[in-house]
Amino acid sequence: MDKYDSISPLDYRYYSGEIFDKLQPYLSENAAIRYQLMVEVALVMALAEKRICSSKIAGEIEAAAKKVTAAEVYEEEKRIKHNIRALVNCIRRKVSAEAKPYVHFTATSNDITSTSESMRIRDAVVKVLLPELAELERILIEIAEREKNTLQIGRTHGQHAEPITFGFTIASYVSRLGGRILKIKDAADELRGKFSGAVGAYNASSLFIKDAEKFEEFVLEKIRMKPGSHSTQLVEAEYITDLMHAIVSAMGVMANISDDMRHLQRSEIAEVYEEFGAEQVGSSTMPHKRNPINFENVKSMWKEFAPRMITVYADQISEHQRDLTNSASSRFNTEIVAAAVISASRLKKVMSRLKVDKASLKNNFDKSSSVIAAEPAYILLASLGHPDAHETARKLTLEAGKTGKGFEDLLLKDRKLKPYLKRLTKQQLDILKNPEKYTGLASEKTGNVCREWRGKLGIK
Amino acid sequence: MDKYDSISPLDYRYYSGEIFDKLQPYLSENAAIRYQLMVEVALVMALAEKRICSSKIAGEIEAAAKKVTAAEVYEEEKRIKHNIRALVNCIRRKVSAEAKPYVHFTATSNDITSTSESMRIRDAVVKVLLPELAELERILIEIAEREKNTLQIGRTHGQHAEPITFGFTIASYVSRLGGRILKIKDAADELRGKFSGAVGAYNASSLFIKDAEKFEEFVLEKIRMKPGSHSTQLVEAEYITDLMHAIVSAMGVMANISDDMRHLQRSEIAEVYEEFGAEQVGSSTMPHKRNPINFENVKSMWKEFAPRMITVYADQISEHQRDLTNSASSRFNTEIVAAAVISASRLKKVMSRLKVDKASLKNNFDKSSSVIAAEPAYILLASLGHPDAHETARKLTLEAGKTGKGFEDLLLKDRKLKPYLKRLTKQQLDILKNPEKYTGLASEKTGNVCREWRGKLGIK
Amino acid sequence: MDKYDSISPLDYRYYSGEIFDKLQPYLSENAAIRYQLMVEVALVMALAEKRICSSKIAGEIEAAAKKVTAAEVYEEEKRIKHNIRALVNCIRRKVSAEAKPYVHFTATSNDITSTSESMRIRDAVVKVLLPELAELERILIEIAEREKNTLQIGRTHGQHAEPITFGFTIASYVSRLGGRILKIKDAADELRGKFSGAVGAYNASSLFIKDAEKFEEFVLEKIRMKPGSHSTQLVEAEYITDLMHAIVSAMGVMANISDDMRHLQRSEIAEVYEEFGAEQVGSSTMPHKRNPINFENVKSMWKEFAPRMITVYADQISEHQRDLTNSASSRFNTEIVAAAVISASRLKKVMSRLKVDKASLKNNFDKSSSVIAAEPAYILLASLGHPDAHETARKLTLEAGKTGKGFEDLLLKDRKLKPYLKRLTKQQLDILKNPEKYTGLASEKTGNVCREWRGKLGIK
Amino acid sequence: MDKYDSISPLDYRYYSGEIFDKLQPYLSENAAIRYQLMVEVALVMALAEKRICSSKIAGEIEAAAKKVTAAEVYEEEKRIKHNIRALVNCIRRKVSAEAKPYVHFTATSNDITSTSESMRIRDAVVKVLLPELAELERILIEIAEREKNTLQIGRTHGQHAEPITFGFTIASYVSRLGGRILKIKDAADELRGKFSGAVGAYNASSLFIKDAEKFEEFVLEKIRMKPGSHSTQLVEAEYITDLMHAIVSAMGVMANISDDMRHLQRSEIAEVYEEFGAEQVGSSTMPHKRNPINFENVKSMWKEFAPRMITVYADQISEHQRDLTNSASSRFNTEIVAAAVISASRLKKVMSRLKVDKASLKNNFDKSSSVIAAEPAYILLASLGHPDAHETARKLTLEAGKTGKGFEDLLLKDRKLKPYLKRLTKQQLDILKNPEKYTGLASEKTGNVCREWRGKLGIK
């Protein structure tokens, strides 16, 4: 198949170069089958150690498994309409008559697929997604630390509110993404395998093995997995559900960063920008455009993948010891991991070349500086016993708006307020006169947050 | 790329053989680029007819467009980071200096992509999805007609309720699927193109063309498309939203058929079954199993794709004349079409070999026949003035349950009820004695429904 | 129950004053029961006309139904655990022994509830939602017409793109909302009732009535409803699914308007604003804030209600002639209607007092005017045979950015471009010199769109 | 407002009696305002301890707060259009001029609302939801232990598979629900408050307090809350997102129990049933029906509430230091908690009166007993070196199906298999002859699982 014959945008568009190299070993169908083979091999190795078969047989099966290809398995499946039986047949064909019985011995299909899916998703998360997110986190920390004193007007409702610093803005994401990284790590570590047979009661393995529960642990240990508290034909659905939640909610944090950055890139705001390559075209008809396409893309991926949690929730429900209405849908779980990697990788790149325009930051701040003093004014007046401080400040801002005079001037010249103002501390008065100093703990907090997350995540 | 290097289950698993042949011409990325080229050609053809360029130039561009490949466009995009400008560059390289300016003349990228996406989705729907659904509908009609007199116990809450026929059960889906086919057809016909420039105001085309709105219609007519009432950079989102809704809701009907059929295949019910191929393996460890994997798959596809409507709804929202937060997400719309085709095709096959087990149907009916008479009994008693008919019937069923006696017997022998029973018509009494005749209009209605939908959809 | 003892924000917060008066008659539980009673009355009226009971009995039942209250029905339901049987008992208690049997005669619970739910939702849509949306549409048309020549910079990616007018911006919503209004109207008209009994086969009614299908039509006509092509215990789910889709997608259009308007209210953009009441507080600590809380609320309602379409899709699926896993979920459909009314009503009010700040509009436009000429320049150069027009324009914008010179100046003074520029028409040159004239058909199109939708919706 | 004037099914239908008593103190709007007042009081108490105001003032404010009612706050909000400022005004009106300034001193609205929402949701979860779930868990454990040896046929694909016990079936839910209980507990404990001002930088509080971060901790400690690592105007969204995920996924487990139980109640299966009250009506027209309406309701609640996670995910995204597009949507979070309580409470009741029909269990098992031996037969043959054991077993089951003979008989009499069969252990042969013994570790595992979860959850 030509790559561009693909239907899924993941395959024909977002999965190439570095991304391909990173994801192929875990998330491709070739990888799926390779992991299934690893579980079949773990089983026969355990059988040999328990002296149910000889180690020669185990070696023979291991060697055979290495030669099985996805194409071969699919060819066999086309004939017999059963994917794991097809896999088993492909191995069996490559071993001696003596070894044949020990391929897939006492296993049910889902012992293999539930376990191998948990394994490869865990590996993809631990070896690809978490490092990408950690790298993004590191970049965010560096921006936050670098810009912890860079004045920015804080915004609520898209309106100028109170002063902060650009580093403080980013610190919010340092903390939120840091939290998600820990959540993903915990959930990946919790993924489980199983070797309890067709309905979870160890019916088949108990025919041969005295303590089939122990044997399950023994098989799974070989591939660094653990069983859950109980299984049916399936591993309990909640392990993967928790992981998908952790990933989707991390994509939400990345989408939020992206929304913020693209709004800060609006023509009228222009507080940040992305350095473009010399050859890069902004728009096919508008050569002057510098569009936040990377941030838009990260948001767009979130729009595509967040709703898929509903599928994950629906797949929690399986009738009795199992129906197979998750046969197609659960195959798409790997796409969620892929999308998170693609988004993290893209966001990492664009954040690493993000430029902060200090002139714009100052310019935007100045537009509102005359009214920014309204909050401290109201609070200070109130603290000094003014009976109606909030309303007084509100009316002064209206007057500042109408007359074009500075709020500070109106405030400091207001005769009725004199008795209060003269009781202010020097520092308090300083803030009323210089609203750019009204940044509270923005800088200190940024430092604290970065320090905390460097520590928690071991980022040097 | 090896097919099994794909990440998406759509690509590595569900897209092969006949399905590949059907979908590739519309839903692959190769198809996407072919359709974009078709729009570029339509534009230059229109320019030539309006004498803005020569027809020689138009011919030259048309010939060049035929030679452009997806791989080439992606290669150029990698260099300049803009997909449509890459496409344009690929065409321009293949034409004379004189022709170059007329490639993409006055167009914005989205004039090409919005239009070409509408076109190929419309074509995929009209040429692939609708024929698959019509074929499924034909099969359903044939089953309904064939089995319109086959007695079945109707079920509500999974409990035996009142008698119907198996044809009547299927007639429900004839009607519901028929309705969805019409809905999809209407929505596909409504898809629109645009040729109104970067913000929808015909800024560029108005520089050269007196009536740019008319010119838009003229270009679109060449590819059998129409413009909407208004556009920005984008065609209004609601056209595709309505189509996706129609498709997803049709998948809902297919999921409902599948749920019903797989439950009717339960070991204890066994009213229908699917003929298995001689080589087909039911289960890797349980050789006796006959599993409803196809019905489960159709349900599973619905679980995966129904939630994606939320993405479609989210893509309705685009800031101002357009943000690009639908850049990735809207690319997945074609997957919804593909999934519907895959499901319809699978369901069509399995329904065409569905077998009805009349012995099981009768057997299941008989289990409840003794209490089925409860409803007509209650209603007939009520009609004859019995003051507490419902409660009386309820108590008789409890008694029938406890004693193992037939409800009919208990009813007909109840002395207090005698005065009422003797006033029944012969036909009414006949139904009380033979509950299998209490099928109401099941058979007639089935005939009516099938006739109606044969007519509406032109199915012979 | 104290109103503030409610749990649902719909009940304790958004449902008061005018909204309460509008919604209570259709969407409250009192209304639900009133409509159920209307169906029971329609049935007995039909029975009387068909001479199955006397018209005296019908009158007696009608009079009794008028006296039944929701509280009474709920009290009875608590005793017998069945809601429609409770309703029936409440009526029966109020009529003579002779009339009792004809209450609910041959009906199944769902004949009453499916029909009454369709009726009240249809009425809520036709009598409340559609008028609210029509009023909003009228306000949008008036804004569009009034501002059709008000220059605005068009935006894509949040970046300045090409000039349009504010009226043109609004015309987009005139068209999109207009389309949704028609869609909702059509879907509401399509809602269906049923009178086909417990499994849809007219089992019970056929015991007494020769043509039970005709009788169904006859009953439903009395309450201006029609049956569908087929029913089981339920009316086909797709009618309500289509209506909910139409409503949710209309909420999407309202959310998009709201997003646009709140971004245009950003401190740095300030192209529109909402007049605040004299007493209104913008923020509890920041007295100077003017927050777009109404637009935010409309967007927020969309966030709450769009995902609920997944519930509606899930409710399409019901096993066999019906399972009852829609028992709770389908009750929430009325909330979607309520939310749409609440949003339309709020948006209507805020749009009617929306102010356009022409100074800000001009000011924002001017920031980019020097580069706006880039697009027409590139296109005009291309049309005159310049071999590399797009790249040339792109480089000039970069130069304009670096040097602070106007793009027009750089363009008109570029020696290499002279041969091309002198071949421009006067009008074309005029646009290059005055980019504010480069609005294409923005004004005309606005007029056309408003005219079209005034016509289609009968808005004077 | 009359209760039945409500729009939300939560309010008019599911919220009465015991449920009302449990939820009202936390999830009603009255409760919301009571919790807001608690935060305002905690603030002034902290101010007094830090000697910013006198303890007399603090006491005065505390007394005033106790008198404020929801109705009063809503009345004031109607006037000034700001909910927290309205609350503050209501308190201020009730205190001396001297105390007025210290009401809400240096707080922003969201310091109050973010904190109070976290508090009341935590309390509702800890004091109502978790006890309900623990009670349900206890009931499940008791069933599992009681029925750990009750033979049941295990089912996959709705088809008979291998033998288990009914206790083992329930043990699956003991484990899965147990896991969810821990998840909910952890997430509730993680909910955070904030006291960091309008943009999170402690701008206002820093005017007066040296270490405003410490002061935040100090205020929150008074109400047993903690701050997060960072906040903006909002507490980080991920805390509530994780809790909602935990709750929704617990509802998924409850939905799965419900699906299983209602299918086991199907007329043909009838392995479990629910004891009905003497007065309870099964169906309005079919007096003999015993419908699983409670299980259906629990599933239906899941259908309504699982999609709402998309809203929760969407509310993770807030522009800059906050937009208010979560103003309406986040209010609905409490409904998710309410729905979980309603479902747990209902499921608890129905499971506590669930009856197991051992005759049906045995009867269903016997239907397949002749083929159940197929799996152990295939595996045992394979273990003894039969080269084609799976295919051999498969063919024997086909023969058993066609001839009506028992699989065991065919197997034991097959001459070609003799050499293998004579090498079986006594225990293995015993299982082939008595398939009801082929339950593996079903009973032991059930015991283990119950013991484990009794321990982890402290259930005696």
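A, B, C and D are the chain letters, set down in written order, and residue numbers restart from 1 in every chain.
Note that in this section contacts are C-beta pairs under 8 Å (C-beta built on N, C-alpha and C of every residue); 3 or more make two chains touch, one makes a residue touch a chain.
Computed from a prediction, not measured in an experiment: that's the story for all the values here.
Minimum number of contact steps separating chain B from chain C: 1.
Across A-D and A-B, the chain pair carrying more C-beta contacts is A-D. Averaged C-alpha coordinates give centres for chain A and chain B that are 33 Å from one another. Here the CA centre of chain A is 24 Å from the CA centre of chain D. Chain contacts: chain D has residues 85, 155-158, 161-162, 197-198, 204, 262-263, 281-286, 291, 293, 296, 306-307, 309-310, 314, 323-324, 375, 379, 390 touching two or more partner chains.
On chain C, the positions that touch chain B within their shared complex are 85, 97-98, 100-101, 105-106, 154-158, 161-164, 168-169, 171-172, 174-176, 178-180, 183, 197-208, 212-213, 228-233, 236-238, 241-242, 245, 248-249, 252-253, 255-256, 259-260, 263, 306-307, 309-310, 313-314, 316-324, 375-376, 379-380, 382-387, 389-390, 428, 431, 438-442, 444-445, 448-449, 452-453.
Residues of chain C that touch chain A in their complex: 153, 155-162, 262-263, 265-269, 281-293, 296, 307, 310, 364, 367-368, 371, 374-375, 378-379, 390-391, 393-397, 400-401, 407.
The part of chain A that touches chain B in the complex is made up of residues 1-15, 20, 23-24, 27-30, 33, 70-71, 74, 79-82, 84-85, 88, 104, 107-109, 197-198, 204, 262, 277, 279-286, 291, 293, 296-297, 299-301, 303-304, 306-311, 314-315, 323-332, 334-335, 338.
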